[in-house]
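So, here's a batch of structures to check.
Look for chain A in each of the two complexes below; its partner is chain B in the first and chain C in the second.
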Partner chain A sequence: MSVRNTLRAFPTLLRVGFSEAVAYRAEMLIWVLATTMPLVMLALWSAVAREAPIGRFGQSEFTAYFLADFIVRQLTGSWASWQLSFEVRTGTLSMRLLRPIHPLMAYAAEQMAALPMRILVALPVAAIGLWLVGAKHLPHSLGMWALWLLAMVGAWLITFLANVAIGSLALYMESSLKVMDAWVALFFVFSGYLIPVELFPSGLRAVTNWLPFRYQIGFGVELLTSGYATAADTLPFFLRQWMWVAILGGLTVLIWRRGLRRFGAYGG
Partner chain B sequence: MKALFHRDQTSVKAVDGISFEIADGERVGFLGPNGAGKTTTLKVLAGLLYPSEGKVAVDGFLPQKREDDFLKQITLVMGQKQQLLWDLPPSETFELNRAIYDVPSAQFKQTVDELTELLELGDLVQKPTRQLSLGERMKCEIAAALIHRPKVLFLDEPTIGLDVSMQATLRAFIKGYNERHRATLILTSHYMDDVAALCPRVIVIDKGTLSYDGALDELVRRVRPEKRVVLRLERPVEATALSAFGKVVTHEAAQVVLQVENGAVNETIARALAELPVKDLTVENAPLEEVMSEVFSHGKDARAESA
Partner chain C sequence: MKTLARYLRLFRVQVRMSLLVGMQYRYDFVIDGLLSIFWTITALVPLFVIFHQRQTIAGWSFPAALLVTGWFTLLEGVLEGAINPSLSGVVEHIRKGTLDFVLLKPADAQFLVSTTKFEPWRATNVLTALALFVWAFLQMGRAPDALGLLEAGVLLIAASLVLYSLWILTVSLAFRVVKVDNLTYLFSSIYDAARWPISVFQGFLRFVFTFVIPLALMTTYPAQAMLGQLPGWKLLASVCGACAFAALARAVWLRSIRHYTSASS
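Take a look at the complex of A and B:
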């Protein structure tokens, strides 16, 4: 698929994908319910911080962190791994392969098309956050807002690419869902989704800095809640985030290309 | 080799020693028992499977490379797979395909109008796909597959599970499409009626090898040269009195089906009219289903014969 054709087709892909997201709104609400863990953690950590702050985190910081956590997860979520695994096993991937657009671009469009619905879910949470803790934790400058956006793009890419890479493993094995389970388990621990990475013991934090998970959630949350004093402080993290984007991008292409040769186009 | 890649030919030499060429605008049926390799051959031609050896060329393209220009020339309809978006109306899938195949707006509108009229889609295309009946959905599947006006149609069991009248509708439509657009048609089906109605030429694939390639009539003549003489009698006749005329295929009360050598048909009819209380009679070929089951059960003989 040429880049020009893809770009030309993309708006329609997004529009149709959006219609699909609207059709699946009930399902999405249930998924949202399954992502309320940050709100549970918020209650938990607030209780812990009632006596005295933990590190830089008092009650208000925890509130800001976990509401931002919820928002970042909504905006960067991906389900491509489950979808790919299903489509490989049932052979429906055949239908995608016969269209003159790269299947990975089609998956990307579908995941992006769900964003408006997810923003709709995230907005009230953002409003509640502003009402509870005010704007004091938000980025202080336009530059920091821009960096947050960049971090969100990186986070989306890492999540999407990891999903596609792991989903493509279904081309080699019966089911790649177990691998995804393992990824999700690591994600819960190391991403900052349940515990801010800043609160990790220093040795573990050093390891976490080199793993991809923090750059899926924690980094974006920290930028949204003024976790970094200056833009320069964010640089080492951006470098690692985009290093992971590159690594996962390369890995995805490799796994996908090799795997397709083994695709059995089952059924039919 | 040069002939294999000639622009106007859709040519194949597939993995399992299957080798054939299909010309532009031809309608060809793949026949074979379950698991014979019909669908596999179709998937190789459409570019879904990498052949481990051998050469395949479709319209000058190497299918497994799945180049855009190739994909825009072909379509694959599988009776048991769908491309329609389940929870959206088919019109959304049409629109999606318009964008993906980069179909100009005017041509898109014309194509959709034509398909809507010929397939009698009416307001079906505005209902969510999940609410459509199997037959309605299949009509919309075929429409979605033709939005880009492909030149080569691969149809894998397109009428599976449909009732007789819907099968007839789709057959008529597919044949019409082939004639209007000079599109090449390659079909697999378990319904012999599909094949008889659509495909002047058949390729019989059995256990992964090609056992016959030629006209359907010729295959029937070769496998079952005998004719069927169907007699309706005024009153029941003893079986012993019938066997003198030919092999009795069925015999129930006042109707008898005899199998008679091709050359002996006239003589048999004359004798039957003279000696039996015949009310009415017809001469037919053996049913295609029966011919095919004979082909498949004697796959080896047929292979030897055509070699």
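Take a look at the complex of A and C:
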């Protein structure tokens, strides 16, 4: 299970994952339909902004925000927690353990391989967004685009690691899916997915800054819609984002290693 | 009449089975209760944030919007306690081909699959919803409209019927597209839009949420009824619409069953 082996196998894993994503495209379409919540929220916030803008948000800002919201969600989505808990329950996880590659790497490859299909979904939305509000909200410099990419990598990692960490809880308890439900509920509220974090009352916003959820969605959306004036403004947020990547990474390894010792491969 | 009595008896047996199973997992009452409160709080945060900015949204004041959230919670309880558990089992049956065993039984298949599983502890949602109603009316400093409460009761039945019919329609999809595990997820994420009064939506979305997926009937109308603001024709249209939905669902279900070719054999 060396690093070199993993690196050598990774392209193949990506290819397999991509074929799977193509094979189950109907399933992905359903998932995309299920993530149209930003559009509903756009309707809601437009109704609010129709009378007068809120903070820096007028109707065009809201449109830009929630379309970017949709795109960021598409690109950072993960379903590893459901998959893991299913595989632990049915015992099929043992198949993965037999392969000479770390299962967590295999999961990562599968989720990454779905990205091309996700981009295919996100592109038309991006085009509609550009047509509706123009390019004025997009990052103005190449540097800001690079920062956005970095934030997206962090967001993807947080989402994936949280999924794997909670999914691995299935090794200890039956109701890991309920834990995931709770995570998703908190994510909906505190990530900026339904409400731009900037509109939170200041006390709540201070709490949100230290929670991982904002760095899954809100931070990327804000960078994509020019929510920050200079690169220096983003520094405290990047520090917190990567702090959470480190915390969740450590937690995942810990839960996984200890949990695997208890794994009985029932039914496998 | 005799068939009706027989089905009532069957229904009682099925419910009793679910209750017995529910009693085995008594501590779920605590977990589901806590989760219900937790969900409600997360549903309230957006409400707080929005009404932090404005006094009214699309003609709805904070307490009135609370009523809508209350109805959302109540129907979520119906959906997840009485509708989802049974019907997500059907998807599994179709995938594995075990639906054959249900079809062989000497009772209506739709009835059987719809009553196999109830989750009694989801009734905690009813308590949370009642708390929200009380809070909303305390804030308004008035009592609910007496006749309106009756109307709201009628709408509760109509809304449950619509939710159930929508589920049957979704499940019928599973006969065609086999891998649809995440249909439940799609369904609940669309239902999520029901936490807002219908008047915040405009144009296309409002049309969809009023006529195609009638979320308006589920949460907005009952809330209006409690306030005594629901015009009679809307009530009538809701009841007729719910019946039409049920009839459509029944027709589609029968059609799907006719075209069902078992999966495994």
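We take it that the second predicted complex is superposed on the first by the 266 of 268 C-alpha atoms of A that agree within 3 Å, B and C clash if a C-alpha of one lies under 4 Å from a C-alpha of the other, contacts with A are read in each partner's own complex, and residues count from 1 in each chain.
As a convention for this text, a residue touches a chain if its C-beta (ideal position, glycine included) is under 8 Å from a C-beta of that chain, and two chains touch if they have at least 3 such contacts.
Quick caveat: nothing in here was measured; it's all calculated off a predicted structure.
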Touched partner set for A:124, first chain B, second chain C, both or neither: neither
Partner chain in contact with A:9 - chain B first, chain C second, else both or neither: first
Which superposed partner A:203 touches (first chain B, second chain C, both, neither): neither
First (chain B), second (chain C), both or neither touched by A:35: second
Partner chain in contact with A:47 - chain B first, chain C second, else both or neither: second
Which superposed partner A:24 touches (first chain B, second chain C, both, neither): both
Footprint overlap on chain A, where chain B in one structure and chain C in the other make contact: 24
In the complex, chain A residues that touch chain C: 24, 26-27, 30-31, 33-37, 39-40, 43-44, 46-48, 51, 54, 175, 178, 181-182, 185-186, 188-189, 194-195, 199-201, 204
Residues on chain B engaged by chain A in the complex (per definition of touch): 39, 43, 46-50, 66, 68, 71-72, 74-76, 78-83, 85, 87-88, 92, 95-102, 128, 156-157
Footprint of chain A on chain C - complex, ascending: 31, 35, 38-39, 42, 45-46, 49-50, 52-54, 57-58, 177, 179-183, 185-186, 189-190, 192-193, 196, 199-202, 205
Chain A residues touching chain B - in the complex, by the definition given at the top: 1-2, 5, 8-9, 11-13, 16, 19-20, 23-24, 91-92, 94-95, 97-101, 261, 263-265, 267-268
